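Structures given as structure tokens follow.
Both of the next two complexes hold chain A, though its partner changes from chain B to chain C.
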Partner chain A sequence: MSSVASVVGESREKANTGIQLLDEKLNGGFPRSSTLLLFSEIPAEKRIFAEHFVMTGVKNNELCLYVDFFRAPQLARRELTKFGSYPEGNLVFVDATSSQLLLPSSEKYVIKDVGSLEEILSVTVQAIRETKPQRVVIDSVEFLADRFPASKVLDFWKELTTEAKAVGSTLCFLFINWTYDSSGIRHMREMTDFVVEFQSTISGGVMRSMMRIEELRDGGLKTNWVPYTFKDLVGVTVYFPRVLVTGPFNAGKSTVVKNLCNTSVSIDRMGTTVAFDYGNVTMMGLEAEVFGTPGQERFEFIFKIFAREVSGILLVVDATHPEDFERARKMLELVGPGLPFVVMANKSDLPGALSPEKIKESIGLGDGIQVVASVATKGVGLKEAMKVLAHQIIGVK
Partner chain B sequence: MASHVMLHTVIPSAGVGSLASNPPTIDIFPDNYSVLLSGPPGVGKFEYFLGLVKQALETGRRVVFVTLDIHPSEIRTRAKDIALDISNFEGHTFLFVDCYSAMSSDKPDQDPRKRVYQVSSFSNLEGIGMAIAKASNELKTPVMLFFYSASTLFLHNSQQAIAKFMQIVTSRVKTHLGFIAYAVHDGVHDPMTMNLLKSLVDGVIEARFTEGLAREIRIHHLRGVRSDTTWATLGHSTETNVANIAGSVIPRRLGP
Partner chain C sequence: MIIGSVFETLNQVIAQLRRLPDVLAVVIARRDGVVIAYNLSKRSDPRKVAAMAAAIVGTSEAAVGELGQGNFKEVMVESEVGRVLGLGAGEEAILIALVRRDANVGLVLLNMEKCAAQIEEVLHTQDGEEMLLTVSGR
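And now, the complex of A and B:
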């Protein structure tokens, strides 16, 4: 009961992202009355994050304001159903597109002349004052940056920041930089509390998107690049394309994959994995593709194939077999240095199993390593280990 | 991946010792390459592109057509004039990126069997860039991209923004996606802008009207490809001539 109450309390003082792992990093979400710059240097999938952020608010029963220069509201409303059904009354548009298309608008807030920054400002301010939205998205600043002098755009930014703070809104500016030099960007950052930077890369015919959150005050939070994906009706989730489950022979890796994942397959022979196990896990706003490697040394070549582009490693050891720890450490080295990993002390319910603390001491991987006790056959400790790993991958400085 | 290998075995006809002839056919363009097609409005740039699309599709290549000026359904209709039924290829080896329907307030193309990547605004350069990347990835790279036309971007964005956009898209295409051809209208941009656009690509193809209003086309230059630069006839609307301007699907090569 108390946990439910605290979640509700949090959602009032913070604007959650709806991605549980990120919200944990952000202590519940972005603060109210804060300004976010959603930024990329080159085209990236950042609009989907802005939309996800707004729709999370809309579904929380918050009033949200979307200032759209690129889409007529009827099109935007239709497109946003990709997040599932939502209470439409919670989403108010400032329509800055219909007039560009010479179409009539049935919205309450309409910008009739996008050539006038004064009108854009006054209509947006009026909408903020009247609706007192909890979340505001400006999509996008590059539209303004390409039409008005930089100093005027920065004034616009400043005014909106003040107005949004006055009513307790979390204000998001989308911006891809086509035209500004570094001083323009610096001025924007100075009027911003959080920068969420986006990157979409194409490699091997696969497009991957990543984001990085940075709080711009001294000692503020900063995450690593967090890979993410979008799923219809679910929204944006953190996405790890390859989590390796590895460890010595008979440690229980296949059982970990099978019982951790919502779906899985195993290529095995006579009870031992000869090719690999594969599974997919969805939890806490996270989706991960999990690959279990064979433990026997003769299959090391398979291991090496999987050891590329790894997001993180679950290193499974048999807590009753300390003599295998040396091999476990070698397997970790095979994947390469610097990767996030968590040791799973499996079979921890068996007599003679070493405690996580003892394993931490004896495995020789340094003080900072994290060991999670698990009983893979009963599904104990698996999600916990995945969560610890996820937090390591996302990281925070 | 297998198809990736297959496409790379298509050897450009204009190898060492041979000369790319006019009108340029699809097989003269190297992989991971960019060209600009310039010519006055009405000279037949769109028909020429359609001819290249036909050759590309009929030789097993994958094509993404980015349209800013013409509705996808009109492109399908006009393709039929040169005996190309685009709908046979759509979703398999052909995709539209449609930046036109939403802006023209026409009904966007909503046929679920013909998956079309919609971009709602010419000003949304980022959206155009992402739609190009997504459509190319859906078809599996390498693809051949046709962008018709870059001129339309200038009505809605600053030259500086467009230059950066084209530079990023072109380098992304050449590194990861394959080939891109931009069409641009001659005579509507100032010479500085035209020079800027030409500087962003590997090669330029020009089309023109002669004094007698005949239509001609030639390679201006193609980086790394030895090219003939004599003007050739850009055909009329009869089917044989369209096939001629587009080049036949059989690669035409000059001997060494």
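And now, the complex of A and C:
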């Protein structure tokens, strides 16, 4: 059930993210011997992803190195229990904080003077050479950028990427760009294989965090902005704040919500949804809040309430009732243009049900659409449809 | 305004209402049913309550409009043991309070209206385009 557990045991040629949906996009994860830049233009929560990435490695029994300029290792170790218990021996710190706090350090790798970039480099390089870590996090470059000239920081960056590549590490730099102009940033990107960009927004008192992964080589992948959240003891999870389940009357929307979700509630009377269905589903490193709408036109005002911040739509149609397809198209328009959607050809086990291919031809929503056959009453095709929708939302160029 | 102070203000608003002896629970939700802040008993799922509150207030507003009854003010749901009061808090939010059956509803509503104005103000200061914010302190 947990996303982390479900991928353990696969081959570890790649540094997986532990978020199954993202690992699928990345063909298993980030390549070994690659450099990641965890980047934001303004302060946003990058550290949680870096921590998640390291802890995924630690739980896979990889050796990971964390170079921390902001937290003493004993504090970091305690904070990292928010990812659940872990084998502490797999996590090695380069302690660059104790000396700043005038505290003694019991770590093997200690930077005594953070005013010396030479020492920072030599201790970190020594740690990389001796421990041959599979994952390395430098937290963070802005600490260095505040103290040393840009050219020196870029040299430091280059040295570390060379050292990390030599031992097959996946190396992550955290960086908020306070300081550098576009040429400095360009230089950094040239030494980077993947940029993971972070952004936080607030709308109506509700905060959302998003990330976007871009592979920098020609023809590399690039995802859309992917909303995410942190779940205690699990880690970073892709999070869709609203997946709308809609479609014509009696298509099976409420049953989809009920049988897709781990927990759900339906506000229905006399067999029809009069307000909404709500449920919450966790699968493949994804959590989604699922809202089912009523189908009849007389309840359309409900749409206006819930058709906001929609990540994607599951458009449920009764595969035995093609005469309702026009209504289905109209309901899709009602939610808004340009949103990711998947058509669920429900009741596909009934006699006379049209095949997904036939529905694709006849529903009139274009050739590029995805149709998934389902039998909501038996739970067939529900998670499949959700997965197809999730991949559409995350997207990839 | 940074996000920390937005939530601080909203939690103060909730605390202010909870100080009234008749008020048992408070939820601030976005109009589309996303929970913003709450003080609820552990038995209730704030996400479900927020979605239901949005449907109650949204539907009541729509009904008032459909019936040609002017502007919506508030909605009251009565049960055997208590009352649920709901009203709009600006363009973005709604405010819901659960009160005792024998509560001084007038007093509670008066306070809720004041709080709704405060919520509107704090959410309005970061209105408009989605604003980017400082999240982590260090």
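In this text, the second predicted complex is superposed on the first by the 386 of 397 C-alpha atoms of A that agree within 3 Å, B and C clash if a C-alpha of one lies under 4 Å from a C-alpha of the other, contacts with A are read in each partner's own complex, and residues count from 1 in each chain.
As a working rule, contacts are C-beta pairs under 8 Å (C-beta built on N, C-alpha and C of every residue); 3 or more make two chains touch, one makes a residue touch a chain.
None of the values given here were measured: they were computed from a predicted structure.
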Clash or fit, chain B versus chain C on superposed chain A: clash
Partner chain in contact with A:F70 - chain B first, chain C second, else both or neither: both
First, second, both or neither for A:I42, with chain B first and chain C second: both
Partner chain(s) touched by A:L233 [first = chain B, second = chain C, both, neither]: neither
Contacts of A:M270 with chain B and chain C, given as first, second, both or neither: neither
Chain B versus chain C as contact partner of A:F301, first or second or both or neither: second
Partner chain in contact with A:G205 - chain B first, chain C second, else both or neither: both
Contacts of A:W178 with chain B and chain C, given as first, second, both or neither: first
Which of chain B and chain C A:F143 touches, first, second, both or neither: first
Clash with chain B (superposed arrangement) - responsible stretch of chain C out of 1-9, 55-63 or 73-81: 1-9
Residues of chain A at both interfaces, chain B in one complex, chain C in the other: 42-45, 47, 70, 200, 202-203, 205-207
Chain A-facing residues of chain B, complex: 4, 102-103, 105, 120-121, 123-127, 129-130, 133-134, 137, 140-141, 157-158, 160-161, 164-165, 168-169, 172, 175-177
Chain C partner contacts - residues on chain A that touch it in the complex: 42-45, 47, 70, 199-207, 209, 241-242, 263, 265, 267, 275-276, 278, 280, 289, 291, 301-302, 304-309
List of chain C residues in touch with chain A within their complex: 3, 6-7, 10, 28, 30-34, 36-37, 45, 47-48, 51-52, 54-55, 58-59, 62, 92-93, 119, 122-123, 126, 130-136, 138
Chain A residues within the chain B interface of the complex: 40, 42-45, 47, 69-72, 75, 97, 100-103, 140, 142-143, 146-147, 176, 178-179, 200, 202-203, 205-207
